[in-house]
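These are the structures, in structure tokens.
Below are two complexes that have subunit A in common, paired first with subunit B and then with subunit C.
Take a look at the complex of A and B:
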């Protein structure tokens, strides 16, 4: 998920796959820009190889001009679309950011070639949870620090609400000069809500349902801290 | 062993609505700027209108990647035409090219619903309407896309479309003036935005007349 600022672009990505690997790099510098991906990591690595070759040929011209983020975004769109046409897609959602001639650029390409440019983009759950926050709070004159705070706010929401999220992330800062990607770090979170205390209270679940006479009784459910058991009386209705 | 079904689709519907109205000496082409997928909005500021030639403007909704590829193919073909014939393509010629390009992919179609507007060789407004595989017809007005079912009946009523059975055939080009037609288009989109979730955010209107091409924008509801 990314946010673009007045003279620089920032990215932020959450790392997942805690079980498979210690850490997975989902964001890489590409020339003077930065590319991030969600989805299949092996396909992302192949895309990085294509881009390596693209940047290499661009540099070989040695003409003082280099491919801007718009051009690289267009190239990636064509690559993704052509693979989709052959019914063999690269299973990624790509985010590309960069700055050229003072113009900032932030674009996204999906695995079937749907692409667009905007002031803020996101992949996966970010579209549902983060974009609304960004639509409300993004504005043209965000400073870098404020941009980072805004992204951290979004990432925290995702951390709480996306079950596949992990508390380890990186930020990339892209300016006219180039890209710097931060070291991975964790966000501060708060889990001391009352409902999270004694998490095993409801562990028996609904398996233990006893029908005595006219009423059903279930094991106590974890309520707001009180320890009295609650019997839910459904009367004669056994079809619930 | 059951046959394995595909677990991804090469198509997606990115929504949006397009409208075009032909006048005696002008043509109005309009489309909203919302791009969606499923129940999410991807961006509120994406243009569906593409100027193919001096006198041909196309608006397309549907699957955005296919729409973009279609626009690129037509732009490339127009460039070749200009190199070979040293002139711009006329709107009816572009209409035929678009139809052929769509039919070329008859068995893996461009999921694009197009409306082509422009001025014909006499300077009169013309609108061509298409389906996804290239079937087309010259009409006085048309709408395509997610809001077309809401807009088309309203246009039929307001522009008093003549019956196709009439002999001699009556011209469907509207006698409305340019400002009146633009107002009608704005009304169409304001209404479609109310009921169609894929239509909204902003309306882009392109007007073609003897003086040239100009664009206008209008805000639409963002919910």
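Take a look at the complex of A and C:
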């Protein structure tokens, strides 16, 4: 998810899924721009190789011309769309951000080649959960700190609602001079709601039932903040 | 230039290290009618002398629009020029399609020059017999390049190619310091152009129909004016 801000720079969030390893970096600098991806990491790595070659050949001209973010975005669109036409897509949603000659650029390409440019973009669930927030709260003159706060707010919503998410994230700051990507850091979250304690109490077919006094009784309907009853877990006992 | 035993093939060197077929191709450029280009910081202008085959025929087209930001004027074998213009248009449009952005002129001329060079190193090909003045705008400003059949290209502030282009070059050489210094660019109407032509007209010369009057000057590294003696430097070696 990314946001473009007032002082000719673009700030970006990266959502990190660490399933098998410490962290997977889904955002990389590409020349003076920055590319983030969701989806297949292997395909993202392949795309990074294509872009590496593209930027290399561009630099080899050494002629005062250079590929800007718009050009790279369109190149990626062509690649993604052509793969889709061959029924062999690169399974990614890509976000590209960059600044050239004071012009900020933020573009997105999906795995079927749908592409657009906007002041704020997101991939996957971000489109449904984060962009409404961004639409309300983004404005032309956001400062860096405000932009980060806004993105963190969106990320927190996504974190709570996406079951396979983890609270690690990175921010990329892109200006005319280039890209700096922060180290992954964690967002604070709060999970101590009463309903989240022993969430299966009283659920149909669960082993957990509540006890009040000496007799077994049917558990009351779950309410928040109800801490007066004791819970006994009959997990493995077969004589009940 | 006289015939000799090393000039049959483009792939045969002379003992002085010259490729005569390539030099002959550059002669073809000199025989064509003139084309002139000149630039300022923000604009480039091309002009050409368009001959007609006969009284009944139309005038030869020598200036082509290659893209919104690039144009080319040719001198020499106009058929070769037409083919190369088509190649340039194709390259520009492919680049635009992939990158949504105009192809920088400097990169186009290199591709053109490489294409011309191939024809100087294959026994089954011949060099293109056309000189191209490529004019365009890109990130770094306005540019004018000259591509010659040898596969060389040069950048110029102002240049002229084709027959009697030396007069144009001398005229421009004397004036080029005053080019494009904060001057407004305006397109001349036909009456003004005709007036300028009449002012320059030399008695007894034929008066062809140019698109715009354009005096020009050039830098010393002219590739092909002044036929070299057999012992002198080959024109494309400067």
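Methods note: the second predicted complex is superposed on the first by the 193 of 240 C-alpha atoms of A that agree within 3 Å, B and C clash if a C-alpha of one lies under 4 Å from a C-alpha of the other, contacts with A are read in each partner's own complex, and residues count from 1 in each chain.
Here is the rule we use: contacts are C-beta pairs under 8 Å (C-beta built on N, C-alpha and C of every residue); 3 or more make two chains touch, one makes a residue touch a chain.
Just so you know, these numbers come straight off a predicted model, no measurement behind them.
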Which superposed partner A:47 touches (first subunit B, second subunit C, both, neither): neither
Which of subunit B and subunit C A:150 touches, first, second, both or neither: neither
Dominant toucher of subunit A (residue count), subunit B or subunit C: B
Touched partner set for A:84, first subunit B, second subunit C, both or neither: first
Touched partner set for A:128, first subunit B, second subunit C, both or neither: first
Partner chain in contact with A:171 - subunit B first, subunit C second, else both or neither: neither
Partner chain in contact with A:99 - subunit B first, subunit C second, else both or neither: neither
Which superposed partner A:113 touches (first subunit B, second subunit C, both, neither): first
Residue numbers on subunit A that touch subunit B, as the complex places them: 77, 81, 84-85, 87, 89, 108, 110-118, 127-128, 131
Sites on subunit A touched by subunit C in the complex: 61, 63-68, 70-71, 73-75, 78
Parts of subunit B lying in touch with subunit A, wherever the complex brings them together: 8-12, 14, 35, 37, 40-43, 45-46, 63-65, 68-69, 108
Residues on subunit C engaged by subunit A in the complex (per definition of touch): 97-101, 104, 106-107, 138-140
